[in-house]
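Across the two complexes that follow, chain A remains constant while its partner is chain B and subsequently chain C.
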Partner chain A sequence: MNIETRDSPPFRVILLSGDVDLHSSPQARQSILDSLKTGKPLLVDLSGVSYMDSSGVASLVEGYQTARKQGLEFGLAAPAGPAMSVLKLARLDKVFPIHASLEERLARG
Partner chain B sequence: MSSPGSLAIEVTDLVTHYGPRMILDHVNFSARQGEIMVVMGGSGSGKSTLLRHLLGLHQPTSGAIKLLGKDITKMNADEMFDLRKNMGVAFQGGALFNSMTVGENVELPLREHTRLDDNTIRIMSRMKLEVVNLAGFEDLMPSELSGGMIKRAALARAIVMDPKLLFFDEPSAGLDPVASAELDELILTLRDAMNMTIVVVTHELESAFKIADSITVLDHGRILMSDKTAAVRASEHPRIRALLDRTPRDDSVDADEYMERLTREIN
Partner chain C sequence: MQPLLAREFPAYTSALTEIRAAVREACLRSGCDEETIAAWVLAVNEACMNVIQHAYHFAEGQALRIEVGLAGDELVTLICDNGIPARIEDLQPRALDDLRPGGLGVHFIRELTDTMAYLLPGDGWQNRLRLGKRIDTTGAAATSQGKEPA
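Moving on to the complex of A and B:
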């Protein structure tokens, strides 16, 4: 798994890629929670994720709940393949704000 | 990770005994990644024994059992421990720990096998309780659940680590038809969503035909047939027909064998 963070005002953006699994999801979780400490709305781009298991999705859930408590926007961009399957299995595709792509959300400002 | 369509389970010439009694007699079968394989057979056919061997709970007399490409009959305890992270099991009676809540039961594999944060573990186990329609039941004790709920809780625990292999012993046993049908749907959903290879041991025909991609029919420890569901349904083999048409067995009696069984070790 690779994590890249960048600022795209007003958003903080995290780009996850590769396999987000039991071994790597703690890093993703930490990155998400750290990013939310900046007080900026957060977008997590999943377009490069080849595999995501339930521990990865649980990290997204915790991040989303933390953002909600702080009144911050939290969105997922371009979840696909296995990541989307796990989200759908737990009906979380109906819970998370999901954007077709990062660019699409950023373009709306 | 196994590539789609590769063999996830490969059993070759498996022979097992309980004492002097042969239970499985040169059993061969395989299941591909993402396939639902139903192992069917009457009581005493050896299907539960086969399941216990697939789980690595017994050492066979001879033969090989490859799971995800590795022969478990040649593994040491550490290697087996690692492989078990990729295996989920839902036992017939649930096998939940009665002294623990439903939530603690479902969390147990994560606490045993991972060092994930507590929050992650709780969310993961609650997600799986959502999947099996037991949302909000995490604080109940197993004794407070119905039979169908216990089976679903056991399934939630079995899938909490997103295993590549899921073993399910008699999912329908003891359930009413509606609860049984719901469990079948759940098994299909899990396979579709997570591409799990699922082995279901059952003697429920309706359930077997609904969920199976392939069916292995065991009889007296031998494989009568292991093929696609439609081929098994169309089989003309008399023992398979007897199982499918629910006709009582009409075993011929071998006088010599019978006498030997009755008088063995008697002088």
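Moving on to the complex of A and C:
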């Protein structure tokens, strides 16, 4: 798994790619929680995720709940097939704000 | 059962990539379609995660064994370990409207399999989880009643 973070004001953006599984998801979780500590709304781009298991989903849920407690926006962008499959399996595709692409959400400001 | 895979793996999170690749390769030889294979790999991955997390508590030097095979039109996988046995309450899926991290693994396994059962200890393994799913090896996956494929 690879994690890239960047600022696209007003958002903090995390780009996850590769396999997000029990081995790598603790890093994804930490990156999400650290990003939320900046107090900025967070977008997590999943377009490069080739595999995600329940531990990856749990990291996203924890981030979403942490953001809500802080009154911050938390959105997912462009979940690729494997990531979208597990979000649907967990019935979370209707819970998370999901954007067609990172650019689409950023363009709306 | 027609064996497709019978192998021990270290029960480490770092072995999950190799486990998924091995299960995927075995499923390919079974004649399953891609959708069924992806679902099965996820189900087996979740079961192995449970072994690593809950049976072995991430302890070093532990192993698990995976057997994949075909029994008629059923794709069968055994996941064996010698850790702490799962409790009945651990095998119940939680309500999905209870939005919280964790607890999704059993839900995933139940959704992606037709049968899930613990066998009696044997062959040197204390815990033997058997997962089964009817498949159509002519290329199209059998649809489980009311279940959404991953």
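The rule is short, and it goes like this: the second predicted complex is superposed on the first by the 109 of 109 C-alpha atoms of A that agree within 3 Å, B and C clash if a C-alpha of one lies under 4 Å from a C-alpha of the other, contacts with A are read in each partner's own complex, and residues count from 1 in each chain.
What we mean here is this: a residue touches a chain if its C-beta (ideal position, glycine included) is under 8 Å from a C-beta of that chain, and two chains touch if they have at least 3 such contacts.
Here the structure is a predicted model, which is why all the values come from computation and not from measurement.
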item	value
Overlay on chain A: chain C relative to chain B, clash or fit	clash
First (chain B), second (chain C), both or neither touched by A:48	neither
First, second, both or neither for A:95, with chain B first and chain C second	second
Common ground on chain A, meaning residues reached by chain C in one complex and by chain B in the other	22, 51, 53-55, 57-59, 61-62, 82, 85-86, 88-91
Of chain A, residues touching chain B in the complex	22, 25-26, 29, 51, 53-55, 57-59, 61-62, 82, 85-86, 88-92
Chain A contact footprint on chain C (complex, rising order)	13-14, 16-17, 20, 38, 42, 45-46, 49, 52-53, 96, 99-102, 104-105, 107-108, 111-112, 148, 150
Chain B residues touching chain A - in the complex, by the definition given at the top	1, 85, 114-117, 119-120, 123-124, 127-128, 130-131, 160-162, 189-190, 192-195
Chain A residues within the chain C interface of the complex	19, 21-23, 51, 53-55, 57-59, 61-62, 65, 82, 85-86, 88-91, 95
